[in-house]
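For reference, chains read A, B and C in written order, and residue numbers begin at 1 within each chain.
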């Protein structure tokens, strides 16, 4: 197929359809309305079903049902709507169901605004709802990568029987870039048949019961252990990150993801003439966090600069991963204000010149 | 194009209406005209003319869009749009919302615009997923005309792939735009060509006037001299 | 079991759609009767193998252990949304929810109204016993005026809590075609009639006609503080007058929705 010029939201929708997803349930919220609009246009063409739910609460429970009967399904929303979905996310994680959830993040807390932020990082990486669970969270930095990661997200969800988030800021959802879809994509892993799905009990398998109620504490603890074993496997096998910049010793290592990593890359190109040795580690999975790749890069660096569109959420994972081995500095905006390449390059120069104050964990 | 005193730009979501409108308004202002750019995109709040407030102010273009801390996002048509359209001393560019959905707000102005006899240009990018061919472009034009209660008077070819645009892509899109214009019975008003690749495009092969643009609607990482603006994150600041 | 050599045949047994186990329901609670009616109807209509049931949060949460078909346990009130997800993904399945009054008429009011309004081809079994059982006796949206509960110690005051919600009447007011009825299981005659309502409801689903909701008046001797036989009479004396029995809406039949303009 010839390259198309697509908004991130449109590319996400098309990628889902090409991944075999025939069901979408969602509720309008800016800045991701182009996803449900795209799905309402495309799903009838492929024999699928689109439902505009009465709320995000309902939409998230509709995907719970669709996943329970073994169908590929996804929903999308933006920050306040994702908060409303957390009840179902906890149930879906506990019941071991595969779903894909796209969060096109906007500013908060509260109703906030409609412009891009990365301030749902903690929600996406620490569980989000009640109980001990994690969701695999993928953070694209371009429209093409958003499409590619949506395809991967369906495979990962099916393989691990877990919710998988695609975490994009508003810029990823709204900006247009050229994108193409591979015609011969193979699944990331061999995917076993969904023998656990509630497709009607004909006696040829055990009765399928999708459930997260375990009143017996021992059984509930065993279910937790089962989930944790799966998370351990994800930590061992699914961590993704990319490194850019100098391969030797570094004056400054920047840690950034999503569009902030794009801004940082522009900043690094702009400041090549300064002679500063700069590198950037870009987490692609924000959970599981690429702690080993970060620790390895941090070994080579004099200092670390965390850049993100929040008040410092990924910052905590950087502290935990580097265990205070290097001083950590922070650059952020909130509320929908973006980072400019000049701001990032100025911050890099300040860190390298000792003009920036180290930030320490404040609890 | 931009030959009529009032020019309305319509097209599918992301077809490039805002890019053409802002470039055109600035060019008219550079030519010494009194220019007003009316942002009538009430449906998609991220990429629209009002995000270029500083840019337009610097160029001396009067941006007609809701203002104020919280009013900047209101989906309303300002009364001043009518006043300016009726003023024979002012050149007006109207940047409509995408699709027939976005063109609906034009219906509320159709009494005045119909009487004035305005330029009503359809901007087409055949690399956008909703208009892959001439049939879909013609169908979309008819839907927009029905919603806006106005007839398309010209077609603007704007097929591109941002930074990955090649001369071949421009020519391929222009041929489809010409066919669309023929089907609609209107002229192919112009082909949009980025200034940086003007030399590479065979203008004779386009067979219509070239409308040169600088890409102004860009995320910050693709811009030189980007600084943090108040009015929106997505515009180059000259 | 008939004795060896006897030519008697079994005329009563466990429905195939019920698992052979003892339920947790209290003595005199009529959840068990309603489970049985649903199971019998699934058997008789040949729908057991295509059935997927939604268990609620509330006393019937363990229904997933009792019905011998595939089951999904849902979060509180969301069963109609979960059922929507399944039915839209697999229209060939027979999808039903089994919900109590707190689950359906309080926390899940948005989900039930919108599932009904979309005309989802699912069957909702709504068990109304006028009280919260699982959390031990709080006020339900269907608790009667002056009825004492642990959160209305002086009896439900309609000035403060509003009047009990008549769900069947509310749902039948929607324009979307549906089969909506109310039955009861406190006397044998009503049990027979209620089974007929359930049969019609599941038939509407299998024939893809419409959404169906059967409200069934039920007992809660434990939280009402009444012996089982008195609880059955309490249904007749207190609930039936406020919650009239019968069909409220059926395609081609009675329709209580406001007429179109």
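Just so it is clear, contacts are C-beta pairs under 8 Å (C-beta built on N, C-alpha and C of every residue); 3 or more make two chains touch, one makes a residue touch a chain.
A quick note: this is a predicted structure, and the numbers were derived from the prediction, not measured.
> So which chains count as neighbours of both chain A and chain C?
Chains in contact with chain A as well as chain C: not a single one.
> Chain pair with the most contact pairs?
A-C
> Using mean CA coordinates as chain centres, what's the gap between chain A and chain C in Å?
Centre separation, chain A to chain C: 40 Å.
> Rounded to the nearest whole Å, what is the centre-to-centre distance of chain A and chain B, using the mean of the C-alpha atoms as each centre?
It comes to 34 Å between the two C-alpha centres.
> Rounded to a whole Å, what is the gap between the Cα centroids of chain B and chain C?
The answer is 57 Å.
> Out of chain B, which residues touch more than one other chain, so two or more?
none
> Sort out for me which residues of chain A touch chain C in the complex.
For this pair, the touching residues of chain A are 22-23, 25, 49, 51, 53-55, 57-59, 61-71, 73, 87-88, 91, 95, 198-203, 207-213.
> What part of chain A is in contact with chain B in the complex they form?
Against chain B, chain A makes touches at 2-7, 10, 14, 30-31, 34, 114-116, 170-171, 174-178, 259, 262-263, 265-266, 333, 336-343.
> Can you check the complex and tell me which residues of chain B touch chain A?
Against chain A, chain B makes touches at 13-14, 44-47, 73, 125, 127-129, 160-162, 164, 219-223, 226-228, 232-234.
> Quick one: in the complex, what on chain C touches chain A?
48-52, 54-55, 61-62, 64-65, 68-75, 78, 81-90, 93-94, 110-111, 113-114, 118
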